[in-house]
Amino acid sequence: GGQTEQTTEGDGLKEVTLVLDYVPNTNHTGIYVAQKSGYFEQHGLKVNIIEPGDNDATTLCAVGKAEFAVTYQENVTYARTASEPLPIRAIAAIIQHNTSGFISRAEDNIQSPKDFEGKVYAGWQAPSEEAVLKAVMAGAGADFSKLTMVGATGSGLESMGDDIDIQWEFEGWAVINDRMQGYDINYMPVKDLDSRLDYYTPVIITNEDMIENDPETVQAFMDAVKQGYEYAIESPEAAANILHEVIPDTDMDFLLESQKFLSDQYSLDSDTWGLMKDEVWDGYTEFMYEYGLIDHTIPASEQYTNQFIK
Amino acid sequence: MKRYQQYIMPVLCLIVVLAVWEFSVQFFGIDLYVLPAPSDIVKAIGSEFGTLWMHSMVTLQEAVIGLLIATVLAILIAILMDLNRTFRHSVFPYLVVSQTVPVMVLGPLFTMWLGFGLAPKILMVVFMCFFPIAIAFSDALQHVNRNQINLLRSFGANLLQQYLYVKIPTAAPALFSGLKVSATYCIGGAIVGEWLSASAGLGYYMIRVKNGFLMDKVFACVIMIIIWSLLLNFAVTLLERILFPYTRKRKGVS
Amino acid sequence: MKLQIKNICVTFEQKRILENLCMDVQDGEFVALIGPSGCGKSTLLNILAGVLTPESGEVFVDGTPVHGVSSRFAYMPQNDLLLPWKTILDNVTLYGRLHGQKKQAQEAALKEFPVFGLQGYEHAYPDELSGGMRQRAAFLRTALCSADIMLLDEPFGALDVITRNEMQDWLLRLRAELGRTTLLVTHDIDEALYLADRIVVLGGRPASVTREIDLTGVQKSRDWLYEQSDLRKEIHRILRNEIDH
Amino acid sequence: MKRYQQYIMPVLCLIVVLAVWEFSVQFFGIDLYVLPAPSDIVKAIGSEFGTLWMHSMVTLQEAVIGLLIATVLAILIAILMDLNRTFRHSVFPYLVVSQTVPVMVLGPLFTMWLGFGLAPKILMVVFMCFFPIAIAFSDALQHVNRNQINLLRSFGANLLQQYLYVKIPTAAPALFSGLKVSATYCIGGAIVGEWLSASAGLGYYMIRVKNGFLMDKVFACVIMIIIWSLLLNFAVTLLERILFPYTRKRKGVS
Amino acid sequence: MKLQIKNICVTFEQKRILENLCMDVQDGEFVALIGPSGCGKSTLLNILAGVLTPESGEVFVDGTPVHGVSSRFAYMPQNDLLLPWKTILDNVTLYGRLHGQKKQAQEAALKEFPVFGLQGYEHAYPDELSGGMRQRAAFLRTALCSADIMLLDEPFGALDVITRNEMQDWLLRLRAELGRTTLLVTHDIDEALYLADRIVVLGGRPASVTREIDLTGVQKSRDWLYEQSDLRKEIHRILRNEIDH
C-alpha cells in the first residue's frame, strides 16, 4: 500500500490520521491531551482522530489510509505472521501492563479459573480468547470443556444479566464503572494467572513505509503523544477534564476514577512512557504459537520498535 | 369521522404500549442499562436535543445524498435493462447477488478505498438503497401493457415518448413504493457507515453513548432515527402525490 | 390513399389464423370488415398498424410497401386503451402531443367534445367515465390523428343504440368532409350497410376473404337502411354459411 | 438459442470481471489482507470446505426456520389487516417504524431476552424477513379487483372463499416477490444474529477468520453466503411455479 | 319468481343516477332493459345482485324484501371478469365449486361447451381466448347458476353477429326449458325484440322507466323479427326522443 498524499496546509502543519481501536476512553487520554493542548501543532502536525474504528484499524494503517492506529499486541502478532504479513510495527505501548481481567458477581464466589467449570463466559469469540481461557484453566487444573462460551452483548456487569457468569473487561473502565454503580464484583487480572499474558494492550502502530520514508513525522507524532501521556500521569484531574470535553456524555466522576487508576498504570515499572520489552512480545508470541493461533513465531524485533520513544 | 378514527387507533395503541413499558420498568425496577423507561428516553431527548440535532444533520446529509444517487442509478439501470435484454441478463443476476453480501465485509473495503470522509457512508447508503428501487422499477417496466405500447407505436411515438407516456407512468407507483422502502432504510445505511468510522453522525453518537452505558441516550438516538426515517418516507409520499396526481385521485375514489 | 394487402399469413402457436389474405381498398373508400369472432380481424388491423409483423405477405400504400409503424394509419384498438393516468383531454390529444402540436390538438379536440357527448369531462380521468364514454373518447383520439387511413376496430361496440346511431351519422358526415380511406371492423350488419362503400366478409379457418358486397353509389340514409331487410338477410346467410362451411 | 443467450451473457460477464480482478491483484501486487484474488478464494473454499459446510448448516437452519416463521406471521397479519381496517390502522404504522430501528440496538436485547441458543438468531431473521412479505402481500390484497369480489359475493361466496378464489390468487405474485426478497435477506439476518453471539455458523466463522487477517477465507464465507441465498431464492421461485402454475404459463406467452 | 323493484334511488358523488325507479317482473317473464349509456342500467343490476346498496327503495322477490346478496339472483357482469388464474372449465363451474358441487357442475358444463363454441378450450386460460369466447364463457358461468332470476348485463355485447344470433336462439330455447325469470340489459333493439316478453326503456336524468313495450303472446322467430321494421323504428324514436328530452 502506498502513502496517501500528504496535504500541507497553509499554516505549515502536516496532516496525519490516527484510527482508534474503540470509542474514546481513558486509554486514549494522552492522545486527546496532545490534541487539545496543542502538542501536535507544536510538533508541526494536524491529527485527524478517527473513531470508532473496529480492528480494521490495523489494515487501514497497513495500506496507508491512516498513518497511525491504536490496536492490540495480539493483532500486531497476527498481522506480522499472516501468510502475507502486514507492513506495520508497534511504536509504543500505551500501558505497561495488561490491565484486563475476568469479572464475575461476588455472590458467585469465583476465585480462580478452577471455579470457571460449569459457568457461562461471554466474550467477543476470538480464538485467542479461547486460548487464554484454556491456558488459565489448565494452569488451575480445571477442565476447559466444562465452560460455556457465548458472545457478549455489551460490557460490564449489567449486560451480563442472569445467564452470564464471567466476562473479560478492562479494569480501568468497566470494572471501575461496575464498582461505582455499587455492584459487588470479583476481579481477577489475567496477568496474575500466567506471566505471558501480561502483554501490551493497547499499542500504537504505524506502517513500515512511514518508518523508512518519513521517520521525522513519526517522531514528531510520538513526541507529542508522549508529552500528552506524561501530562496525564502528572495531573489526572486536568487530563480527565480534557477527555470529558471529547466524551461529554460520560459521567465525570467515573471518568475521574478511571483516569486516576490509569495514570498510575501508564508507565508503571518503566523508565519512560511507551517503552516496550522483547520478553513481553516474545512471551505472548510464544503463547499464541503454543495454542495454535499462529503457525510460526517471529522475533520481537519484527513486531515493534522503541526507536521513536525518546 | 373516518379520518379521525384512522389516526386515533395508532395513537391509542402507542399510548397503551408506552404505558405498559413505563409501568414494567418502574414496577420491576428494570435498570437503565437493560431497558430505559419511556420517560427516561423523553428526558434524554430533551436534555440532549442540541447534540442529537447536530449529529442528525450529518447523518441526514449522508442518507439523502446516498438516496438520491441510488435513485438516479436505479432508474438508469432499470431503463437500460428494459431497453436491452442482453444487458438485463448480464446485470440482473449480479444485482440480486450484491444484496446477499454482508455489509460487514463491504464496510471496511469502502473505507479502504474511500477514506474516512462522507464518501464511504454515502456509498453504503447507495449500496443498501439501490436494490429495492431498481428491482421494483425494472419489474414494473417488464409488466407494462403491451397494447398501450402498441397504440403509442402506431401513433408514431418514439422510444422516449413511449417511456414518458406509458412506461414511466405505469411503473411510477412501483418506483415510488421501492423508493419508500429505500427512504426507510437509508438512515440505517448511513448509521452502519458511521459505525465503521466517523467523527460525527447519529451512528457515531450512538456507539459512544452505548459504551458510556447510557441506554436512555441510545434509545433517544433510536427515536431520532425513527423520526427521520418516517419523515423521509413521508417526503417521498408527498413527492409522489405532487408528481403523479392521478394516483391520489384514484385512491380517493376507492 | 390506396391500400393493398397481399398474401398476408399469420400463425399463432402453430395455429394458422390468416392464410393468403388479399384485399384492396381504394383511395377514399370506406370498407367494412365482417367476420366471426376470433377469425383474425383484430390481427389484420394490428398488422396494418405496424405493431405486428406477419409471417409473410406485404402491405402497400399507394404502391409503396409499408413495414412496421407508419404515419399512414390511424389505429383505434378494440379495447379503448385510454391511458388511465391522463385526463380525457390529454388522452384524446395524444397524437398531437406526441407530434409537438399540443395547442392545436387541444383546440381541435375541444370543438369535438360536445359532438362526442364528452362535454364537462375534459379534465376527468378515464376511470370516472362509463364504458361508452370511454369508447367515444378513444374514437375521438383516433379521429384527431392526421393519418390518411383510419383503422377502426369495433369503435362503437360498447355504445348504446342511440349514441351508436348518432356516432354513425357523425362518422358518415366526417367521412364526406375528410374523404379519408377507412377500414372498419364491426359486428353490426346495419352499421356496415349504413357506413360502408363495400362490405368484406372474412371467413374460413384459417381466414381469408370469402365474399364482398359492393354498395358504391348508394345514397345512404336511415330510411334507406330501414328498407334493406333483404340485404341484411343475405349477409346473415353468408355469415351463417361461413360457419357451416 | 434464446435460452442459451440468456445464460451465456451473465457467465461471460462473470468471467470478465473475475479475470480483471485476478489480473489486477496479480499485476498490482495487491496484498491478501486488502483484497484476495479469485484464485485465492477458490483455494480457500477447497481447503476449508468441510468447515464451511458445517457452519453453513447451522446458519441455514436459523435462516430457514426464521423465514418460515416470518412468512406465516406476515400472511396472517396481512390478512387480518385486510379484514379489519381498525387493526390495519393500528398495526401498519408500527410495521414501518420497526424497520427503521437499527439491528445493533435490537441484537443485544434479543440475546438478553432469549439467551444464546438458536432463538435470538431466528428472531433476528424473523425481524428482517417479516416486513417485505407483509408489506407486499397486504398491499396486493388492498388492490384486489372490487368487481371480481362483487361477482363472487353475488354468487354467495363466503369470506374464506373470497380469499381462496380471488384475493389470494391476485396477491400471490406479490407475496412471492416479497418472499423472494426475504429469502435473499434471511441468510444475512442469521449472520447478523451470529455476530452478536454464537459458537457456530458462517457469521461466527467469518469474524474469526477476519480477526486473523485471512481475507481469502472471509471471501470464501461470502461466496457461501451468496450461494445459499441464491439457492433459497431459487427454492421460492420453484415453489411459486408449483403452487401457481398460471403465472408461469402467462410469463411463457408474453 | 316475481320481482318487484320499488322507488330505488341512487346517487354517485352528488349526482343522482336513479330516481324513484319502480318496475315489476312477473314470474318466468323475460324483460329487456334498454337505455342510453351511463343511465344506470348496470347500477340497477348491481343493486339486485346485492353488491351495491341503494340510497333508498326496496327490492322484493315473491313479496319478501331482499337485502344484500341473495341466492335468488344469478348475475352476469358487463365485463366478462373471468378469473385469469383459473382455466375456462374452472371459471364456468365457479358457482358449483363455491357450493361444493364441483363434479356435477363440471359434467353440466362440459355438456354445454360445444353449444357455447368453447370446445377444446376447457383447460385454456382466459388470456388465451378471444374477447367473444371469454364473453361466452362468462355467460355459461351464469347460466350454470341455480338461481331463479338471471341478471344479464349485455351478455352478447362482445360477440359477432352470427354467434350472437346463435346465442340468442339458444337463450330462447333455454328460456322455454327453464322458465327462469330474466332481466336482460342490451343495446341491441333486435335482440330485445327477439328475446323479450316486455321491453322496458330507461331514460331521463336521473333515470326512471319512461316506456314499456309489451310483446307477450307473440310467437318469436327470426322471420317475425325480419318483418318488424316498424317496431324497430318506433323504439329508435322513443330512445331518440329520450335523448332530446
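Order of writing sets the labels: A, B, C, D and E. Residues in every chain begin at 1.
What we mean here is this: contacts are C-beta pairs under 8 Å (C-beta built on N, C-alpha and C of every residue); 3 or more make two chains touch, one makes a residue touch a chain.
As the structure is a prediction and not an experimental result, all values here were calculated from the model.
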Inset, instruction - State which chains count as neighbours of chain C and simultaneously of chain D. - result: B, E
Legend entry - Intersection of contact partners for chain A and chain B: D
Inset, instruction - Please name the chain that ends up farthest from chain C once chain centres are defined by their CA atoms averaged. - result: A
Legend entry - Between B-C and A-D, the pair with more C-beta contacts: A-D
Legend entry - Chain separated most widely from chain E, comparing mean CA positions: A
Inset, instruction - Please work out the Cα centroid separation of chain A and chain C, and write it as a whole number of Å. - result: 84
Inset, instruction - Round to the nearest whole Å and give the separation of the Cα centres of chain B and chain E. - result: 51
Legend entry - Distance between chain centroids, defined by C-alpha means - chain D, chain E (Å): 49
Inset, instruction - Two or more other chains in contact with one residue: find those residues in chain D. - result: 34, 112, 195
Inset, instruction - For chain C, jot down the residues that touch at least 2 other chains. - result: none
Legend entry - Shared interface positions of chain A, touching two or more other chains: 59, 63, 154, 159, 161
Legend entry - Listing of all chain pairs that touch each other, if any do: A-B, A-D, B-C, B-D, C-E, D-E
Inset, instruction - State the interface residues of chain B toward chain C in the complex, per the touch definition above. - result: 145, 147-148, 150-157, 161, 165-166, 169, 244, 246-247, 249-250, 253
Legend entry - Touching residues on chain E, where the partner in the complex is chain D: 46, 49-51, 69, 71, 73, 75, 77, 79, 81, 83-86, 94-95, 98-99, 125, 127-128, 145
Inset, instruction - Under the touch definition given earlier, write down the residues of chain A that touch chain B in their complex. - result: 4, 17, 19, 22-25, 48-54, 56, 59-60, 63, 65-66, 154-156, 158-159, 161, 177, 247, 249-251
Legend entry - Touch list for chain C against partner chain E, complex: 34-38, 78, 130-133, 157-165, 187-189, 226-227, 229, 232-233, 236, 239-240, 242-243
Legend entry - Complex contact set, residues of chain B against chain A: 31, 33-34, 48, 108, 111-112, 115-116, 195-199, 204, 207-214, 217
